[in-house]
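Just dropping this structure here.
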Amino acid sequence: MQSEMRKLLQAVRDGEVSVDDALLQIKTQPFVDLGFARVDLHRRVRQGSAEVIYGASKTPDQIRAIVQTMLDNAQDRVIITRMSPAAAEELRESFALHYWPEARFALVGDLPEADGIGTVVVAAAGTSDLPVAEEAALTAEALGNRVTRVYDVGVAGLHRLLAEKERIMTASVIVAVAGMEGALASVVGGLADCPVIAVPTSVGYGASFGGLSALLAMLNSCASGVSVVNIDNGFGAGYLAGMINHMEAKK
Amino acid sequence: MQSEMRKLLQAVRDGEVSVDDALLQIKTQPFVDLGFARVDLHRRVRQGSAEVIYGASKTPDQIRAIVQTMLDNAQDRVIITRMSPAAAEELRESFALHYWPEARFALVGDLPEADGIGTVVVAAAGTSDLPVAEEAALTAEALGNRVTRVYDVGVAGLHRLLAEKERIMTASVIVAVAGMEGALASVVGGLADCPVIAVPTSVGYGASFGGLSALLAMLNSCASGVSVVNIDNGFGAGYLAGMINHMEAKK
Amino acid sequence: MQSEMRKLLQAVRDGEVSVDDALLQIKTQPFVDLGFARVDLHRRVRQGSAEVIYGASKTPDQIRAIVQTMLDNAQDRVIITRMSPAAAEELRESFALHYWPEARFALVGDLPEADGIGTVVVAAAGTSDLPVAEEAALTAEALGNRVTRVYDVGVAGLHRLLAEKERIMTASVIVAVAGMEGALASVVGGLADCPVIAVPTSVGYGASFGGLSALLAMLNSCASGVSVVNIDNGFGAGYLAGMINHMEAKK
Amino acid sequence: MQSEMRKLLQAVRDGEVSVDDALLQIKTQPFVDLGFARVDLHRRVRQGSAEVIYGASKTPDQIRAIVQTMLDNAQDRVIITRMSPAAAEELRESFALHYWPEARFALVGDLPEADGIGTVVVAAAGTSDLPVAEEAALTAEALGNRVTRVYDVGVAGLHRLLAEKERIMTASVIVAVAGMEGALASVVGGLADCPVIAVPTSVGYGASFGGLSALLAMLNSCASGVSVVNIDNGFGAGYLAGMINHMEAKK
Amino acid sequence: MQSEMRKLLQAVRDGEVSVDDALLQIKTQPFVDLGFARVDLHRRVRQGSAEVIYGASKTPDQIRAIVQTMLDNAQDRVIITRMSPAAAEELRESFALHYWPEARFALVGDLPEADGIGTVVVAAAGTSDLPVAEEAALTAEALGNRVTRVYDVGVAGLHRLLAEKERIMTASVIVAVAGMEGALASVVGGLADCPVIAVPTSVGYGASFGGLSALLAMLNSCASGVSVVNIDNGFGAGYLAGMINHMEAKK
Amino acid sequence: MQSEMRKLLQAVRDGEVSVDDALLQIKTQPFVDLGFARVDLHRRVRQGSAEVIYGASKTPDQIRAIVQTMLDNAQDRVIITRMSPAAAEELRESFALHYWPEARFALVGDLPEADGIGTVVVAAAGTSDLPVAEEAALTAEALGNRVTRVYDVGVAGLHRLLAEKERIMTASVIVAVAGMEGALASVVGGLADCPVIAVPTSVGYGASFGGLSALLAMLNSCASGVSVVNIDNGFGAGYLAGMINHMEAKK
Amino acid sequence: MQSEMRKLLQAVRDGEVSVDDALLQIKTQPFVDLGFARVDLHRRVRQGSAEVIYGASKTPDQIRAIVQTMLDNAQDRVIITRMSPAAAEELRESFALHYWPEARFALVGDLPEADGIGTVVVAAAGTSDLPVAEEAALTAEALGNRVTRVYDVGVAGLHRLLAEKERIMTASVIVAVAGMEGALASVVGGLADCPVIAVPTSVGYGASFGGLSALLAMLNSCASGVSVVNIDNGFGAGYLAGMINHMEAKK
Amino acid sequence: MQSEMRKLLQAVRDGEVSVDDALLQIKTQPFVDLGFARVDLHRRVRQGSAEVIYGASKTPDQIRAIVQTMLDNAQDRVIITRMSPAAAEELRESFALHYWPEARFALVGDLPEADGIGTVVVAAAGTSDLPVAEEAALTAEALGNRVTRVYDVGVAGLHRLLAEKERIMTASVIVAVAGMEGALASVVGGLADCPVIAVPTSVGYGASFGGLSALLAMLNSCASGVSVVNIDNGFGAGYLAGMINHMEAKK
């Protein structure tokens, strides 16, 4: 890929290819085809952040190849989500890898400085919601956000949540993580005056139906400013929170 | 029916029927068969409250026949739920009828004195939930309970609910009525130390799926002491609340 | 209410009530109880925007009373959603009311100047999605945002959407409105580098199941930066879009 | 925590902190933050019973830490639900632990004297429902209730249930546990004149859909006085039964 | 059609068509094609009963044409289900029609003598279930069965059902009709020693989900000998009951 | 139990207990309470067949105790369904046990002579449906029915089914077993003129949703005479088929 | 639009715009923006057939504007689906319109000559399925296909379907339309050796759940060569059938 | 079987059996009954392709017997789908077997020459969809089609898909494989002018509900020419694609 790019740029320099044509070529082939995956190299420019690898359904070898392709193309930080400890162990031999087993979250490269508008608060209802909450928090941190964790603040013990009222009311963006009845999103949404990203989790049993109950409750929230991502999608919430928390830098 | 009973008792007096046989007969035919319905006359003795007529699927004539049979058999108070204003108008010609149109609730006879353990609090999340909440409140009142209404206290404006904290914490039983995300039950359940009967309502749109979201949320409540009745079943909640509020009188 | 507030403030001035106590009182009773509703007067301070009235289940008289209470308490702009044309007609007699029948959206007071970070783009897949899209667009405008409408850009005719690529790639926030298969959110999410708020609509038939298909598709979007609100909830999306578009002003 | 409380109280004694401020502090921090969990110490006062640990998703070490914190704070009895036999084995080394493997239920401390209004009857439809029924029965016993077990009384063999009619008709509260078609709740609800708490179980196959059929049937019960808790939630039912059975003591 | 058949038979008599070929022709075209419907004339021979017309989606003219075709082809009795009163009124001008408005059931021709094995019992849980129950009862009667109706015997008032124990235990086949929790099928199935055909009805509200709850409960019945037909399918149950009640005549 | 019964009968003989009282006692305690189960001993008289043990959720010891109690009480044949091979191996040490591993079906005692009205046909759509089909066939055989198996006759290869048309058209009762689209029941129901008991199976993948698709298709069958049992409930179908096939003997 | 295109082409002729630029312009703006809709004019070239108007949610004025735009742009035939008779009446004043009320299908212009590979067979299970079947048949005819209708051939009367075996086995493509259990698709799929497009309909009641049962059954068809479109989507099936029936012409 | 066929043909030759009778016999028994399966030998003639074995629920021995029967009856190519690697290993000892482990797809015999109308394009959204995509591609190749694979072209990175626009627009038939939101089918359907067969996959988590979200989205596709097969049914899509791609050869 690099050599192809070099050839292209040399051709531009030599006047064999016009600037416009070169631009077009760059724009329409901004990926490396590894056979099993097409690694997006221009995404950072296009979308303002590095490619993220969904590790759940990939072998360590596949992940290694994608990471290596990225590093070869000048990306200095790669996020890998839902990676098993075993895969992390293997990859550690090839890269400087940080790994958080509870969240099954890995980072090649170092955490960046936090530089967003304010603080992203990640609130979680119960102890069992922590893996998802941590995936959200680590994603936001890996994308350059200051993150405050407010855990075990389920609405059935309202005083625990009210004790954190200050942090909630001064947050820039809030990620509200809850399973079972998913009421945390509505209560937090009512207290806060910032966007709230609700993450239903599959925590629960019986009529929680794998997170469906929490999902429906969050979608029906009567609090304004609340939107919802997929069940257990901590990454998606952390990513969006980071994006919102960097709104001012965009202009 | 009355004449049959009289004949039976005379037969007992005359020694033609043994006391035991008479008892058996009384126990196994404790209803009047009107053809379209079997009116239960012993329920008051057996279950401690008057028969209740579910008015939704009955003609005014059918309701009148059932009410008359009850009054003829020494019941002094009859509840009719889900009755249309038109039907109420018709029945008013035959009986002294109280009718609450918002709750579609009627009472033949007068409201009794309140005599339970304490106060039944009926809390409702939004204005649209009032018909169901009123059905619950009126049912409890018709069964002899003191009722306090706490309306428009949805969790998205938590300060409205917290302003009623005193009433909630001193209630004997609470009926929590909410549609949409149904979070009121969990928050009230966490604040109170008494039984909470959650009533999901069909209020909402889209992913509320006719009350399913609120129902599931309430079933998944992580607060202890919360149980759930059918969607929009204000009567069932008021009835159960009244039953619990009269526990001490039972011994 | 006003007189109560005046009395309180005079008591403060007279030293009868401490500043702290006064503050506490203000904080804990920030609403007027109209019986059928508790009108929130502090929400603007607390959450940065005016109270919004959900008109669908309220009578014109109820809406009038709430609007009047707000105007009496120094709010200069009131949004009413899901209001029927008949109700709008009635309210017009009492207030200077703007009404958009397609979106069933009303505004008492004038549209404010747009002052957010950038432009909110509202994209809609088909003609039938317009009522929901307009509710989103009008909400955002009523909350002070510049809005660009990009309609009839369903993914089955991709060139229609690509023709609007420029607007999509320079948006500050995007609201993507679609029924049926709901694919617009994913495609827009892949093109844009800003937050995308997906609104599933109940447009469709058969296996669209009242918007369920679009909702599920949007929740499963593999594009990053996408979150979802309830089916047909144009208001919620417009409100959140406006909130995100005003992030920079918050600090 | 204890030392902090002591310091606070000394400050009160020394006049450094006013009684009101102390009260406030006590009220707003009534928990110990263990990092992974916030242990509620005031719940007993607030809600009339000890904290209960949901053991399913916690490690033995986490459970041990929470139990120890409670014992250190003057709680003399701790309930642990859904704890594996292996975890019970480990905890036994640290505490005097009672463990019932079928119900996966543990108690640190001894069963209290029964002192409620009357008897809690736990009725179960089939042999497979026993783990849930036992969780309900043990919970009620651990909270000071006299419990009568009536097992294998499914409605398909009605004479088995009718043979227990006496116990059912004299119960103070009934917990009705059933999977499959869940009809036990309705039949028991029709026989009894006390509150019936229905617990659907996930027992069954095919169209039982993990307890959904029993849940729906119970919610639709046409018997008055029946309310429902989550599928397999024996604890919730036992807890609520105990609460209702102690109504008279509350005044 | 008749002339075609006559021609065919004459051809057989004249030796122009072999018996085998004639048989084949008869077997493979046993219907009259009316354009909008293919009227089955051999069904009586093939399946032992007359064709039944599902009236719900047909115009009076279409129904008339089908009935006439049948009468022309020697069928002396035609059942029409789900026919509106208006359509019945129109058809009455053409045929000797019996019509039962509650069940929306019509019969051209007279009810036959009852001649099955024994008695078909149709049991219904509530007053609202009567239309479906009557459809079942009338169908069975129209197919030559003695039918006993046992109505308003829902399980929540068990004594009403037990008062009919004798009839239930001596039935040949039982049709059990119930909405809401559908428990009647299980209790009847446990009492009886004959086949029980369960008919869920769409009676109920909220979590009855249009009969789904009753349907699931009936499918999960733990009583042996119970099978289920579609929601509100009184005809199907009555037809099958009649078929079973005529088993002995078949040999 | 036996001794109790003997004592009772001696008391009758000696005139100490009246015949009526004895009858009552027999009727109301017709089971042995083993603690974990109440073994029904009168069912044979009451329902015309032996008790059946659902083996899936019982230990070999529990099964052994129930079987022994039955044999001690003069039952000469016991059916055990859904029993694992390992449990069968253990029980073989105590009883003369027949075991069919594919159907996980066991019989203590010998298969009876077949003596019903005619032949029960068990038809199965595919090879994967055989375990359920065999459970149905063996159940019918164990209850004294002649059974014909017609397997691998799914409707997508209609000629396979039509090749068995003769058997289907002369059957007394048919059990139709199918997963996936479940169309076999409708096609067989259209060909046959006897009751058809449809058994949906959980065979399939994707949108078969564990048998739900087949279940719904069968419930919607437009063929008359078809009823449905639970998913994979071969036993229930075989039991009901046997009951119907013995109708004539009942009178 | 036409003038714009003319200007563009003149500019090309005059050398003011290069051929490539012109091509690009043509490719990227192939629609007329009517405000409420973007009319696609290049679709015929791009996809081989005229634009189709989904009439259900459009006013007669909107439909007229779109039709006119198309006719102005050299399209000689416009299909309008799901149009009400009233709208058809209005449009008839402006255009030469064919309208089939049962199928709510309209055609501006004349039916073309049929010129595909062979015959498209549209098979429908019952009389109630005809509106959907006709929508499919008319769509295929309007797109130039010879269509054979085979109606009222539901599988419960298999001989009706087998009587049409010849037509089915010689079809080029088959559209199989059925509600309720949807078995027609599987049986036809087993008989035919051509592509079968299955259309579930919302015909039925109870557990047909608005066509869900038929949809699931068709998706689970064990016959090869069967694919499925949305419930009631006769247009989609007819369109695809026509596309397949014109495969040979494409090369 | 072969000997039976020989006997039959000899009888024809000897004039003992008429040609017509022989034809009939051949037509009505075109399978070998192996006990556990009826092997269809005439399908190739009847449906234009070899029998396919669904390997998932069969033992290696069963598969071997079916394959052997087919080879014995002059079939030169047998497809086995969903076969485990272990079973493949065993069968390799008996037959010349090609096996693709990712797709769990086997072929006895060699891949045929490709001879259809054009090229079948198999497009897949993500890496995790490859097993299903490969099953589709290999099936099409085994049935004599030229196949182009276009993988990892999910719509969230639209440029990846647009880079393959050429292949998509020149395809003869397209199989679109996607999990999660399933939007690929709509976007491809909008770009292409050939039939698109959509295959939802069970790839995803949370609200993907095992492929349900993708399935619903695909059924609701607003692109014309799209039809859908069961979740993960790569074989069905490849088979149908091959059938469509051979349309011209049929005449």
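A, B, C, D, E, F, G and H are the chain letters, set down in written order, and residue numbers restart from 1 in every chain.
Criterion: a residue touches a chain if its C-beta (ideal position, glycine included) is under 8 Å from a C-beta of that chain, and two chains touch if they have at least 3 such contacts.
Predicted, not measured: the structure shown is a model, and the values here were computed from it.
With contact taken as defined at the outset, subunit D and subunit F are each touched by E.
Interface comparison, G-H versus A-H: the higher count of C-beta contacts falls to G-H. In terms of the distance between Cα centroids, subunit F is separated most widely from C. Each chain gets one centre point, the mean of its Cα atoms, and the points for subunit C and subunit D are 43 Å apart.
For this pair, subunit C with subunit F, the centres built from the Cα atoms lie 60 Å apart. Distance from the subunit B centre to the subunit E centre is 38 Å, each centre being the mean of its Cα atoms.
In subunit D, the residues that touch at least two other chains are 157, 206-208, 212, 215, 219-220, 224, 230-231.
Which chains touch which is summed up as A-B, A-C, A-D, A-H, B-C, B-D, B-E, C-G, C-H, D-E, D-F, E-F, E-G, F-G, F-H, G-H.
On the subunit F side of its complex with subunit D, the touching residues are 27-31, 36-38, 40, 43, 56-58, 62, 200, 202, 210-212, 215, 230-233. Per the touch definition, subunit A reaches subunit C in the complex via residues 46-48, 52, 117-118, 172, 192-195, 197, 215, 219-220, 224-231, 236-237, 239-240, 243-245, 247-248, 250-251.
Put simply, subunit C touches subunit H in their complex at residues 125-126, 154-158, 180-183, 185-187, 189-191, 204, 206-209, 212-214, 216-224. Per the touch definition, subunit E reaches subunit B in the complex via residues 127-128, 130, 151-153, 157, 159-160, 162-163, 203, 205-208.
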